[in-house]
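Common to both upcoming complexes is chain A, partnered first by chain B, then by chain C.
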Partner chain A sequence: MSDQEQEILARIDEQVKNNPVVLYMKGTPQMPTCGFSSRTAEALVNTGEKFAFVNILADPLIMEHLPKYQEWPTFPQLYIDGELQGGCDITLEMAESGELKKMMAEANAKQQETA
Partner chain B sequence: MSPEKIRERIQAVLPDAQVVTSGEDCNFAVEVTSGQFEGKKPLQCHRMVNDIFKDELADGRLHALSIKTKTPG
Partner chain C sequence: MSLTQQIENTVQNTFDPEVLTLENESDQHAGPAPESHFKLTLVSAEFNGQSRVKRHQAVYKALASLMPQFHALALHTYTPEEWTQRGQAPDSPPCQGGH
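This part shows the complex of A and B:
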């Protein structure tokens, strides 16, 4: 593993652990540039819960190395409480079952307690 | 990749799988029904399907693979 790769993976790890909910996506929730990112971000916005996002198009190194972080090949990627949940399909399933809002609320509450 | 090829590749790993595909070229949606998904989390099931197309997803032959996994019955 190159130094650069290690450094990027450490940066991703920090983002995932420091944010209760973080979405890696193409574009932004306001200006998504891919249908899958768009639908995923919309599902998160609709919960009314807070979440962080990383626009991987604005950070090509993150885009290049993110698939290796949890051995997940595609974007977007949703992390809640430090754990990979999945991509667009899984997020939409979680939104439909109500689990998404619940998990986001719990993760956000947990961070406030420790802050 | 053709829908037939996608089905063959999945069934090589999950022989009992029922595979329904839609989409075209490098952008596919698959619905896979297999007993091997029983008791597994969605993330694990999707990982099993993603892994089959690991190389194609990495080099862009497949740009997007939309996955739905189900258990029979």
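This part shows the complex of A and C:
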């Protein structure tokens, strides 16, 4: 593994661990540039819960190395409480069942306690 | 062999699925590539007891050598029991021309 790769993976790890909910997506929730990212961001917005996002198009190194982080080759990627939840399809299923809002709320509450 | 057939064969051999539906959705998306966007619905007993993340990771792993050749794979994985309750996979979103 190259130094650069290690450095990027460490940066991703920090983002995932320091944010209760973080979405890696193409574009932003306001201006998504891919249908899958768009639907996923919309599902998160609709929960009313707080979340962080990283626009991978603005950070090509993250885009290049993120697939190796959790052996997940596609975008978007959703992490809650440090754990990969999945991409668009899984997020929408979680939104439908109500699980998404619940998990986001719990992760956000947990961070407030420790802050 | 077309990319579609290669994906189907690989998935068939890896998961021994009860249901395997591979839809080519490339015509719903921007760009000229005829085999760029796919939707895969898979029902297999192999998924029993596996989380959704694990199921998707298993599919991605099986398709690792083919994935660089296409842009998007909408993935819907169910156990036979889940499939009986559900009966169909949700629709994919339209592409917005980004890459």
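Keep in mind that, in the parts below, the second predicted complex is superposed on the first by the 115 of 115 C-alpha atoms of A that agree within 3 Å, B and C clash if a C-alpha of one lies under 4 Å from a C-alpha of the other, contacts with A are read in each partner's own complex, and residues count from 1 in each chain.
Just so we're on the same page, a residue touches a chain if its C-beta (ideal position, glycine included) is under 8 Å from a C-beta of that chain, and two chains touch if they have at least 3 such contacts.
Nothing here was measured: the structure is a model prediction, and the numbers come from that model.
In the superposition on chain A, contact of A:T74 is made with both chain B and chain C. Using the contact criterion defined above for the overlaid structures, shared-chain residue A:F36 touches chain B and also reaches chain C.
Shared-chain residue A:C88: touches chain B and chain C both. By the touch criterion defined above, A:K26 lies against chain C but remains apart from chain B after alignment on the C-alpha atoms of chain A.
If you count the residues of chain A touched by chain B and by chain C, you find the higher number for C.
When the two structures are aligned on the shared chain, A:T47 is found in touch with neither chain B nor chain C. Across the two superposed structures, the residue set of chain A contacted by chain B and also by chain C is 36, 71-74, 84-90, 93.
Listing the residues of chain C that touch chain A in their complex gives 29, 52-53, 56-57, 60-61, 64, 67, 72-76, 90, 92-99. The touching residues of chain B, when paired with chain A in their complex, are 42-43, 46-47, 50, 53-54, 57-58, 64-68. For chain A in complex with chain B, the touching residues are 36, 67, 71-74, 84-90, 93-94. Chain A meets chain C in the complex at residues 26-27, 32-39, 57, 70-74, 84-90, 92-93.
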